[in-house]
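Notes follow the structure.
As written, the chains take the letters A, B, C, D and E, and residue 1 is the first residue of each chain.
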Amino acid sequence: MNDMSPDSYVTPDGRTIGGVVMEMKNITLRFGGVVAIKDISFDIREGEIRAIIGPNGAGKSSMLNVISGFYVPQEGEVWFRGSKRPQMKPYEVAGQGIARTFQNIALFDGMSVLDNIMTGRLTKMKTGLASQALWFGRAEREEIEHREQVEKIIDFLEIQNIRKTPVGRLPYGLKKRVELARALAAEPKLLLLDEPMAGMNVEEKEDMSRFILDVNDEFGTTIALIEHDMGVVMDLSDRVVVMDYGKKIGDGTPDEVRGNQAVIDAYLGVAHD
Amino acid sequence: MPDQLLFAIEVTLNGLMAGVLYALVALGFVLIFKASGIFNYAQGVMALFAALTLVGIQDGQVPFSHLINAIFGTDVHHFGWHVPAVLAILLTAAVMVLFAWIVERYVLRHLVNQPGIILFMATIGLAYFMEGFGDLMWGADIKNLDVGLPQGINETIDETTYNWFGYGFFIDNLDIAATIVAVILVVSLTLFSQYSKQGRALRAVADDHQAALSVGISLRFIWVLVWSIAGFVALVAGIMWGSKSGVQFSLSLIALKALPVLMLGGFTSIPGAIVGGLIIGVGEKLFEFLIGPLVGGATENWFAYVLALLFLVFRPQGLFGEKIIERV
Amino acid sequence: ELTFPSLSYRTGPYAANGIPFADGYADYFTLLNERDGGIGGEKINMIECETGYNTEKGVECYESTKGEGSLVYQPLSTGITYQLIPKATADNIPVHSMGYGRTSAKNGEVFRYIFNYPANYWDGASVAIKYLLNENDGSLEGKKIALVYHNSAYGKEPIRTLEELSEKHGYELTTLPVDHPGQEQKSQWLQIRRDRPDYVIMWGWGVMNQVAIQEAVNIRFPMENFIGIWWSGSENDVLPAGEEADGYKALTFHNVGSDYPVFDDIQKYVVDAGLAAGAGDQIGTALYNRGLYAAMLAAEAAKTAQEMHDTAAITPEQMRDGMENLVITEEKMADLGLPNFGPEFEVTCENHGGNGYAAVAQWDASAGEWSLITDYMQSDLEVLQPLIEEDSMAFAEESGIEPGCN
Amino acid sequence: MLDTAKTEVETVLEVNNIEVIYNHVILVLKGVSLGVPKGGITALLGGNGAGKTTTLKAISNLLRSERGEVTKGSIIYRGERVQGMTPADLVQKGVVQVMEGRHCFEHLTVEENLLTGAYTRRASRGDIDADLNMVYEYFPRLKERRKSQAGYTSGGEQQMVAIGRALMSRPETILLDEPSMGLAPQLVEQIFEIVKNLNESEGYTFLLAEQNTNVALRFAHYGYILESGRIVMDGPAADLRENPDVKEFYLGMSDEGRKSFRDVRSYRRRKRWLA
Amino acid sequence: MLYREAGDFKTSYRDDSQTFPIRFDRTAYYVLIAVALVIVPFVINDYWLNAVLLPFLIYAIAALGLNVLVGYAGQVSLGTGGFMAVGAYACYKLMTSFPDVNIFFHIILAGAVTALVGLLFGLPSLRIKGFYLAVATLAAQFFLVWLFNRVPWFYNYSASGQINAPERSVFGMKVTGPETEAWATYLFCLVFVFLSAWVVRNLTRGATGRKWMAIRDMDIAAEIIGVNPLRAKLSAFAVSSFFVGVAGALFFSVYLGAVEVGEAFGIQKSFLVLFMIIIGGLGSIFGSFAGAAFMVLMPVLLKNTLVGGLGWATDLAAHLEFMIVGGLILFFLIVEPHGLAALWRTVKEKLRLWPFPH
């Protein structure tokens, strides 16, 4: 299939994948002497689940950081929705509808689960300082409106019973789930997930997969996903980018990637079942 | 040379010397911060306490005499002996080790793995406690500290420069002594923290208490060690400053002079303390000399902080501080 | 029972100065109780309250003691004094800020309840200049005088006076502020070393004094030409500099040493009886004497009040009358066992500040004591009076007070 | 339930019926007992929040720094109660823990991180260098990054540092908390190979908490399954692997073999041993 | 189960986000307000007012303000004394320049002026973090104090360099100056305390508060999920300084009546307010009050027991007081590092379970 074609197509399981929403062009990112990303280009299409895989230290997380504006690449361009993105602060990127989760959980430890998820909606809350200081009226109404949205997500992710718990006390796996909830609360166009299933057992991974698929399906959210569990990657993703030592060594459908010798050598070891 | 320039040079030299004195105080902060991430508010009070103890031991003062007299109606003040300076310094150092042990045993041990601000707060509690304790133990009067350090203008420099420029520079002998001591301290402490096993452990502790525990570093030992060294540094600072002004409560306020130094040099860098000290010393003295008269003087206090602030805007971790790691 | 509160500070940065004063204040009252059975037959109840030189604690002390019938407050800190000026006035309790506080409180027509006899800061500045005039055969023309001062309201007090006087006497004045607490004064003293002023006058407090004297020693500034205000003239200030401080001078409005009959009584009735406040080791020091002097003035004012109102148990308001009609004469002081201990002065409704007499004391390091080297000299009221008038009237206007002597 | 006799070797570490409370009020472990045989690999399995990490921390005495405490039961290592000891004492005795979530010293370089692992050892410089090389052989990636500050390395690299650091102390018993987390598949295999290797050649004892049940059961000798702070099942790894419930819920196998993650889209009943 | 929340179900999100979701707490709160409003004014005397209540109320406002900055937004500041001075001097200048305007507005305006100054000194917080920032704020502290001491315009060129609060009244009752009634000044301050607590509560329970807390807990992550750090930090500085300024204005005009900047607003003040919020609990409104009460009441209480009750010498008592306050700070931190507020929460959790241990 032609990567650059703007046309949409329909997947075997009946989802519609649209045109390219985000395109990375010749990205190079260096930290002093370390080259984290070397001249990588790839694109993400509307509505697809795009996986990024590769050995440890390949530069996957760095790539997500470039997309969310936290790292500024030395070379290359980021195109979003058909236009070149100027240099942006991370919060501006978030304002464009890109939300994410983090590899080393980055929840706000001092707040409850509910408040953490509510922070996901901050880009959407518009009342000013003055009306918030007075609370009754606009601010309260807005709060309740958004609270309702958040409650939907809480229901969706089945974390009702920990709503008021401070996140610091949660076990690892639940924290990951709360992070996903926070990202979902932003109602993103593009959702970036960095190892959402690390530290989970199969059952929990299944749950997580279900959430990811549902988000993609119900809201049409485009998802870019980093994951080391090949089973998950192969099952969920539409297309996979493989990185190694900062370089792209493969890009294509799961099956294509699975058969790619370079990928097998660098990452998969033996062909995965 | 024009007079104004000569004066400026003299001011600069004295600024350097003052900077060394600030650095001596800052060193204590750096050590403890480096080893546990604790911003030790009590450092100034430790200097006071050490100096009080030194004088008390030297003069054979009876500790808690005030309290004893009040309770038992006695009238004891002095043991009537006089301890030589070197011995007194050693004994005081021993007291500071004991102090470090007590702090670890009764405070720090219970606060492992707490955020920095809580630990900071604990040192404030400690400072309060020691303030009362020091007064109770040794009395609140001003004491004369004399361990035989030279003091006053250095004749040689005065004469030499007079012969050269027709204007004799003023350099205080005490400052020269302080510089020598500071250089020795900085060099040895830098070597210790960068190249010894304990030094590495100490930096590990500052990063992550739990992880340090998990690899078998004994926080207790490290803390006693560091607080002992910091206590010793406090003693040195106490001697230098106490020689200038007598030993009294205000000695604890020298901490405020050390903070900008700390900021500028970096909280975690031992050489940073000395470099920061020099910059602050020269900066504030020159500013007072050049600009002070225009704005009414007494600018040194705030100027030191503003100078440090300006540096930080460009290097948020200070000159030599460890870079603040920002990652997700 | 006559209640005298003592707002002391035995802790905090100025404890070393607070302790002897509080001891002197307390011991004198104890003496009166033990020896004379109080004042006019009424026992004295002295309540000590620790302020730590902190304004808020001072307020707490005032509030907690004012209900006990406190006769007069000696707030011992400029900050607390300013607090109490309106409060005590409203509560009709007199305040005696002896040698500190608001100078213009001298104008009793405006500050009815505030007294600052026998001398105030402006008197001090003026007497210092007068002393220097005497030293220089009546002329300071062309001399350079530097003022090293604590950079606070207190330290800035003498500037105005010294400026006015410089116009009159033709000396050149430079001012050098030292920021609180004053542990680092290199800049100021380097400048003094460069400018070589003929005299240095100091308005210092706490550690600033000790450091200044040490730095003066370091740059070899002649101690004879260095004069401090009375709050820069205690043993504490000179002792840390050791032998080298010999010759340093300070103003004072009371005498020094313990060579007075009253001290024998204190030894007998107070110290030997184990009733001494504090450790008893401060007796005869400059600040102890000042505390004692303050207590003596309070007691004399109380006696005056008792006579005026013909009652032993006076009220604070009656105490105020006593203070306003206080006359200290040589006979009186001699009777009290304090011959020639302070200047003679007289308080009136218009003048709550005494006659502005002060003397100069000099430190003898080898003997470890102060000695008076001049007689009491009066300040230049011609210059000061208008300043006082101006400042007090400004206050009266600001606070809506109708000046006058009822 | 505990049955160590079966293994017929000495139990080095014995946890008897412990109860753990956080912050004075949150009861997390409700009577957990387990035994770790000397020279064996024991796996601790269970879902999120089951209490695996808590159990390991209780053993290594790291709980106190989290304001948790063991309120009941006892923990015995080599016949000695270890509850009162500091973590440092335990490391001296040869018990070292690799904490969940990496916990590297971020300002120290990778190499310095590894060297702190040898803190308690009184070995010569040469021995330590040899061990350092051993770690670098296991994880060549670390060698490349040895001079970088650990805070700037990738998640997987940090995980390698954490494991390498523990190996540097030459322990007898290693408590591994989720060693495979965030590691690439071939590295996961490799780590377990290392575990197996050390176990067989050096006789190290392992207790590992692991979510990757599949691999864990493949390499472990014995397994415990923890749920909501209680042990709900234990047995030799091989038996557990064959248990149908374990198969379905922990290994993701159903009768038809491995299911696709795409196929679990509908809600389904979960197996819980405890109500 | 003395303290219960069971059976206290919420049927709307509005109820769920109210300040005191538990009925027991709500009742206690209303009772407290009633006592403060209706009973205290009648029993209050000068001692209680000046030694305890006024400092408590005013420090509570300052603590609330600082808690916004430190506790909620995580920006440690040691410039509180300087900002209080800005409030005080702004209030003084306003009072003397516009004597006809009600003092209530002067105080609010003083807060606004302080907010602007706070904004300015908050700018470096974008680059400087943690303890570096804490020390950097000392620059504000020292500079401001120096400024008010140096520039005579601020103290209306008075010879003494002090500022005195002229007499002002609200609804005909004098609230500043020497002739005030205890209950009037008390109620005047109480109104400000109440309004401050209410506003801070509103700000912290909504979007603004979450922005602050996100920045506090992990600033990078916060930025990546869409919080503009510049605005969040600066708004925290402004809001915090506003309340600190109001506290400074009240401190000067109502409580002390006359201040000298170095003494009343020195660095000690900065530390004192910081102690209050740490002892009380960072990020907690209740904590701000608890901390202020602790730091104001404790010394008074100790002094009264040691000197008044036990008849000790004042200096011994004062030294011991230092030791005890220091010791108590340590003790509380060890028992509960997160302050009195957290201690109270734990106690409540225990009560909820009582008589069962868990």
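In the analysis below, contacts are C-beta pairs under 8 Å (C-beta built on N, C-alpha and C of every residue); 3 or more make two chains touch, one makes a residue touch a chain.
As the structure is a computational prediction, the values presented were derived from the model and not from experiment.
J.: Using the touch definition from the top, list the chains contacting both subunit B and subunit E.
T.: In this structure, the chains that contact subunit E and also subunit B are A, C, D.
J.: Keeping to the contact definition above, tell me which chains border both subunit C and subunit D.
T.: B, E
J.: So which one's got more C-beta contacts, D-E or A-D?
T.: Between A-D and D-E, contacts are more numerous in A-D.
J.: Compared with subunit D, which chain's mean CA position is the farthest off?
T.: Between subunit D and the rest, the longest centre separation is with C.
J.: Just curious, how far off is subunit E from subunit A if you go by their C-alpha centres, in Å?
T.: Centre-to-centre distance between subunit A and subunit E: 42 Å.
J.: Taking the mean of the CA coordinates per chain, how far is subunit C from subunit E in Å?
T.: Chain centroid spacing, subunit C to subunit E, equals 37 Å.
J.: Using mean CA coordinates as chain centres, what's the gap between subunit B and subunit D in Å?
T.: 45
J.: Which residues does subunit E have that touch at least 2 chains other than itself?
T.: 146, 220-221, 224, 313, 315, 318-319, 322
J.: By the touch rule stated above, which residues of subunit B touch at least two different other chains?
T.: Where subunit B meets two or more other chains at a single residue, that happens at 66, 132, 135, 140, 296, 298, 301, 327-328.
J.: Would you give the residues of subunit D that are in contact with at least 2 other chains, written as numbers and ranges?
T.: If we look for residues of subunit D contacting two or more partner chains, we find 26, 152.
J.: Would you mind giving me the full set of chain pairs in touch?
T.: A-B, A-D, A-E, B-C, B-D, B-E, C-E, D-E
J.: Which residues of subunit A touch subunit B in the complex?
T.: By the definition above, subunit A touches subunit B via 65, 70, 102-104, 106.
J.: Can you name the residues of subunit D that touch subunit E in the complex?
T.: Against subunit E, the touching part of subunit D is residues 21, 23-27.
J.: Would you pull the subunit B residues touching subunit E in the complex into a rising list?
T.: 33, 39, 66-67, 70, 106-107, 110-111, 114-118, 120-122, 124-133, 135-136, 140, 256, 259-260, 262-263, 267, 295-296, 298-299, 301-302, 305-306, 308-309, 312-313, 316-318, 324, 326-328
J.: In the complex of these two chains, what residues of subunit A are touching subunit E?
T.: 68-70, 89-91, 93-95, 99-100, 102, 106-111, 115, 118-120, 122-123, 125, 127, 129, 132-135, 139-140, 142-144, 147-148, 151, 182-183, 186
J.: What part of subunit E is in contact with subunit C in the complex they form?
T.: Touch residues, subunit E against subunit C: 46-47, 49-51, 55, 96, 146, 149, 158-162, 164, 166-167, 177-179, 255-260, 262-264, 266, 299-300, 303-304, 307, 313-315, 317-319, 322.
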